[in-house]
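Letters are used for the chains, namely A, B, C and D, taken in the order the chains are written, and counting of residues starts over at 1 for each.
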Amino acid sequence: MAEGSHAAAHDAHDAPRELRHHFVDMEAQQEASALGMWIFLVTEVLFFGGMFTAYVIYRASYTRAFEGASNLLDLKLGAFNTAVLILSSLTMALAVWAGQQGKKNLIVLFLTATILLGGTFLGVKVIEYKQKFVHHEVPGPHFVVPEGLPRQSEMFFSLYFCMTGLHALHMVIGIGLLLWLIARARRGDFTPRYNTPVDMVGLYWHFVDIVWIFLFPLLYLLGRHTL
Amino acid sequence: MRRNESDDTHGHGSPGAYFAVFTALMVLTAVTLWAAYQHLGIWNTPLALAIAAAKAVMVALIFMHLRSSPKLTAIVVATSIVFLAFLILITLSDYLTRPWLPIYGR
Amino acid sequence: MTNATASGRERVNYLNAGYGVRSWLLTTDHKRIAILYLIGVTVFFAIGGLAAALIRLELLTPAGDVFQAETYNKIFTTHGVMMIFFFMIRGIPAVLGNFLVPLMIGAKDLAFPRLNLLSWYLYIIGGLIALWAVVHGGVDTGWTFYTPYSTVYSNGWVVVTAVGIFLAGFSSILTGLNFLVTIHTMRAPGMTWMRMPLFCWGMYATAIIQILGTPVIAITVLLVAAERLFHLGIFDPAQGGDPVLFQHLFWFYSHPAVYIMILPAMAVISELVTAFARKPIFGYKFIAGSSVAIAVLSFLVWGHHMFVSGQSVYAGLIFSILSFMVAIPSAIKVFNWTATLYKGSISYQTPLLYAIGFIGLFTFGGLTGLMLATLGLGIHVHDTYFIVAHFHYIMVGGTIMAYLGGLHYWWPKISGKMYPEYWSRVSAWVIFIGFNLTFFPQFIAGYLGMPRRYHAYPEEFQVLNVMSTSGASILGIGYLIPLVYFFWSMRYGKDAVDNPWGATGLEWQTPSPPPTENFPETPVVTGKPYDYVTAREEVAVG
Amino acid sequence: MTPLFPEQASTFAHNVDALYLFLIAVTAFFSLLIGALVVVFAIKYRRKATDEVALEVHESGLLEIVWTVIPFGLVLVMFFWGAKVFFQITRPPADSIEIYVTAKQWMWKLEHTDGRREMNELHVPVGQPVRLTMASEDVIHSFFVPAFRFKRDVVPGRFSTAWFEATKPGKYHLFCAEFCGTRHSNMIGWIYVMTPADYQAWLSGGTSGETLASAGAKRFVEQACNTCHGEQKGSRGPSLSGLYGRTVRMQSGQTLAADEAYIRESIVNPQAKLLEGYPPIMPTYQGLISEEGLLQLTAYIKSLSPAPASGGALAAPPAPSPERKSTKP
């Protein structure tokens, strides 16, 4: 890491207006933001980690229930959503790239694309959830154990809803952040010199993508070959 | 440890690299779907997870610019993985060793 | 930049930089946020303390004749939730850490000042929600929220409390994140890692735990809430869930959380010992390294809370040996503090009294912790008053002693006023005596077999409980005295000089109280910390 | 004056107390050492002039090593000693009296194998190991007898096992040690340890109801377990006679000891561990049989195995490559 900060105070000439008073220069500020964001993502890893632990334990105990219940998920929709989310990661990466160039219109374009893709993902998720409600596969008092499956398939759906639900919540927050970015981009806030917010939201969005990259095989692809 | 300033790509990726990664991610998604239907014995899940991990690494390295980030960032990421492993593996060790000591009586 | 060197009382400092309510509630100055935290932490401590008083009142007699059983259960839950989540975990990092970390490393503020303010609001909102839940609705699960009692059987406001704890956890994460980034990126020129004050090392280690542990409790309480609301079965045995899994997830955070409470205390003690011995700390690298070692090891020992829970005996073995390992860095710290006193120039001012009290009580409390890590013995004393006594020795005898010691030590810097020396010594002694009288008998009661969380108890434990309750009354008075004189000193105390103790450290090289920007000029660090020999001339002036 | 130790009334008590005394000695030694050093230094090196500064004492790597290694050695002793006592407490001998415990808010139900039931009271003979198989109907409870120096959580959804051997006739407290709700502190009872003669007298007094195993046998038929788990050849499920205490082989190739935990799991989650040679057709009985019923069924299935010779063959854990016993009837 940097050996402390550089001695030169920033009060001298042209301090950029985005520079907060307590940082030495823009680079120190950018570095702190990036580190902060990464550390935040660490907390997110462990946040989801609690549920992954529960998943691992119960899947080991109730393998057959999990495999059977997993086969009740709509693989087509799940795979489609995976593709959508990967594509949204691409547009997000391009938005960050556009931000570094300071190309206002491109930023807005790519961010809009990302929002649309994120919205598509959530829309498909709503369809999937609705199917579960219709089939009484939502855990709780109205749950009906699917035919031919052990009773513990309810546990799979408990975890399915918790994990995808929290993931979807992260998507919703992400879309909110993207809208905020678009507003700022249209105002012309982002320049080659200052585009940290785009960068940070990009990190967040990619992280949410990574979570899904793991959720997809763990939830949708269990025991498909046994059919 | 600061990035070089006047780097053409700002030390970050370029659209070309992004498209390449995107293609690889889509291909791997297809592979994992295909693999899920193969009879691989106990290896279905490990393979699916390995593919997921490969995809995650690509997203992190290229999309998230981890490759061109300071070393500290890599340490931060590694820490999260190590502690996640502590949580899962140590908890699992309890469950896996429970049947080791049979409790008999008469 | 403001000219902060103007002499005399009219000097602009962070306290008189603005007076309106807005200037406080919308401040991003880490020092003002520290004061906001001080107020919040004190209020929640008072509430938790009140609950403690009611507990001790009920336990004065064996029959449960003061409160209904249900009321009693709600009271001890209130005590635990308030003290743990809203006082202990936040206390030293949020108040002293917030105030001192930027000062000690020569920065103008924390890296993310607005985030810092946000984290205070989250803390206060979370605290008020939890308070509303435990007081108005009532929660009777204990602070541990063991399932399936909390998810299926309890009638209390578990979900609301969970929301409060979740917000407080988020706040704690943001504070930790802020400290980590600040310490990494904002150190003054010349402030290398090995020149950093040990207080900052302690805060750094604490922040690591906050970052890595807190998310797990956050998801765990969310799952508990979800289970209550939607009847999921993740921890419900009726649906195939395992209550022991809840305990794993809970203690994965809640054991390291103990170190969130004690590491900052150790960090304070390191500063106090060296300042009042006027001698470089003995074994700087070992104390700094042991903080980080504790932070990492603390994540590997949670299962010693579960020796009788039905976890695998082999897991028990692993957790036991690892728990012993975490004792070693703690022992290293105690030995190094003691060695620091050797051939020092020791001044018995109040902060040192607290530090010495800490060393004694922490040593004893820590050693009794070894008994709990010892498998064969831990089974007998688990969930008895022995545990209660042990962790109060660490939490109250350790953390609160250090917190008060640190508050006295840095009070001149925080408020610009001196506290009354006589009364502060009296209170230190009253607290020490009251504390021991309260909690030592509980070790005996625990070994005799008195289970914790009992509303009524068999008569043979009464003598010990009467001792404990009388000690608690003394302890309560001991805590009231500083509350009074700190307030008093803000108006009537003597003005503090910049460096009243002749201590080293950047925080003493700036005016008391410091200007908003912390330092008139960015300081440059040229030597190692606690270099009293080099600093001698300045001391003579001070 | 109150005593400092509870009565020593089990075979664990002496061992636990000896360990405790050792740890007290260590605690006292280090607490006094640190306390004395702090006080002596504080007096001897008190500041004499306000501007006085300590002369630097150089750091000593050797000292750091010494005070790392000594505690390390000490904690290893504690660990191994503690582990030894721990294994004594957690491994019941094979020839014990069996007691079946059902915990519920807020009472203990204790059943003897002959069907005799007690409420918050347990009569046991002195000098004979007693083994507890415990189940909870609601939340987590914890069976704690201070005079015996052991406790064990009773976790819903599984059997918890504990054992003790009382050494001294008398009346001892039974506490619930895990917070279990409003009347947690009322969930206490008594253990009566009796001389063999008194115990016989107690046994012969009063009527004992139906034995646990025969109650279990009834349930076995009620739940139609016998349609699959019959003795005849070609049954859909394995025969259960002689199952308890055997090492069985799973489809996964794993071998397992068929103890109470296994029997219970096979009823509530039969798919978890599939016996080699049998298809996964058994439905789960989770939520369909009460805890008491599960205890009775377990007692019944256990009764189908011959009683072991005391301290006998059952105590051995499954070896890595066990002797192949046929799992088929």
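Throughout what follows, a residue touches a chain if its C-beta (ideal position, glycine included) is under 8 Å from a C-beta of that chain, and two chains touch if they have at least 3 such contacts.
Worth saying up front: this structure is predicted, and the values here are computed from it rather than measured.
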item	value
Selected interface, C-D versus B-C, where C-beta contact pairs are more numerous	C-D
Chain separated most widely from subunit A, comparing mean CA positions	D
For subunit C paired with subunit D, centre-to-centre distance based on mean C-alpha positions, whole Å	36
Averaged-CA centre spacing for the pair subunit B and subunit A, given as whole angstrom	15
Geometric centre distance via CA averages, subunit D-subunit A, whole Å	45
Residues of subunit C engaged with two or more neighbouring chains	184, 212, 216, 239-242, 244-245, 248-249, 252, 313
Contacts with 2+ other chains: residues of subunit D	90, 269, 286-287
Residues within subunit A bordering two or more other chains	1-2, 31, 35, 39, 42, 45-46, 49-50, 53, 57, 61-62, 151-152
Subunit C contact footprint on subunit D (complex, rising order)	1-6, 12, 15-16, 19-20, 23, 26-27, 30-31, 34-35, 37-38, 41-42, 45-48, 50-57, 59, 63-64, 67-68, 71-72, 75-76, 78-79, 81-90, 105, 138-140, 142, 144, 146-147, 149-153, 155-158, 160, 173, 175-186, 188, 268-269, 286-287
Complex contacts: residues of subunit B adjacent to subunit C	72, 79-80, 83, 86-87, 90-91, 93-98, 100-101
In the complex, subunit A residues that touch subunit C	1-7, 9, 11, 20-23, 28, 31-32, 35-36, 39-40, 42-51, 53-54, 57-58, 61-62, 139-141, 151-152, 154-155, 158-159, 161-162, 166
Residue ranges of subunit D in contact with subunit A within the complex	269, 271-272, 280, 283-284, 286-287
Residues of subunit B touching subunit A in the complex	1-2, 5, 9-10, 12-15, 18-19, 21-22, 25-26, 29, 32-33, 36-40, 44-45, 48-49, 51-52, 55-56, 59-60, 62-64, 69-70, 72-73, 76-77, 79-81, 83-84, 87-88, 91-92, 95-96
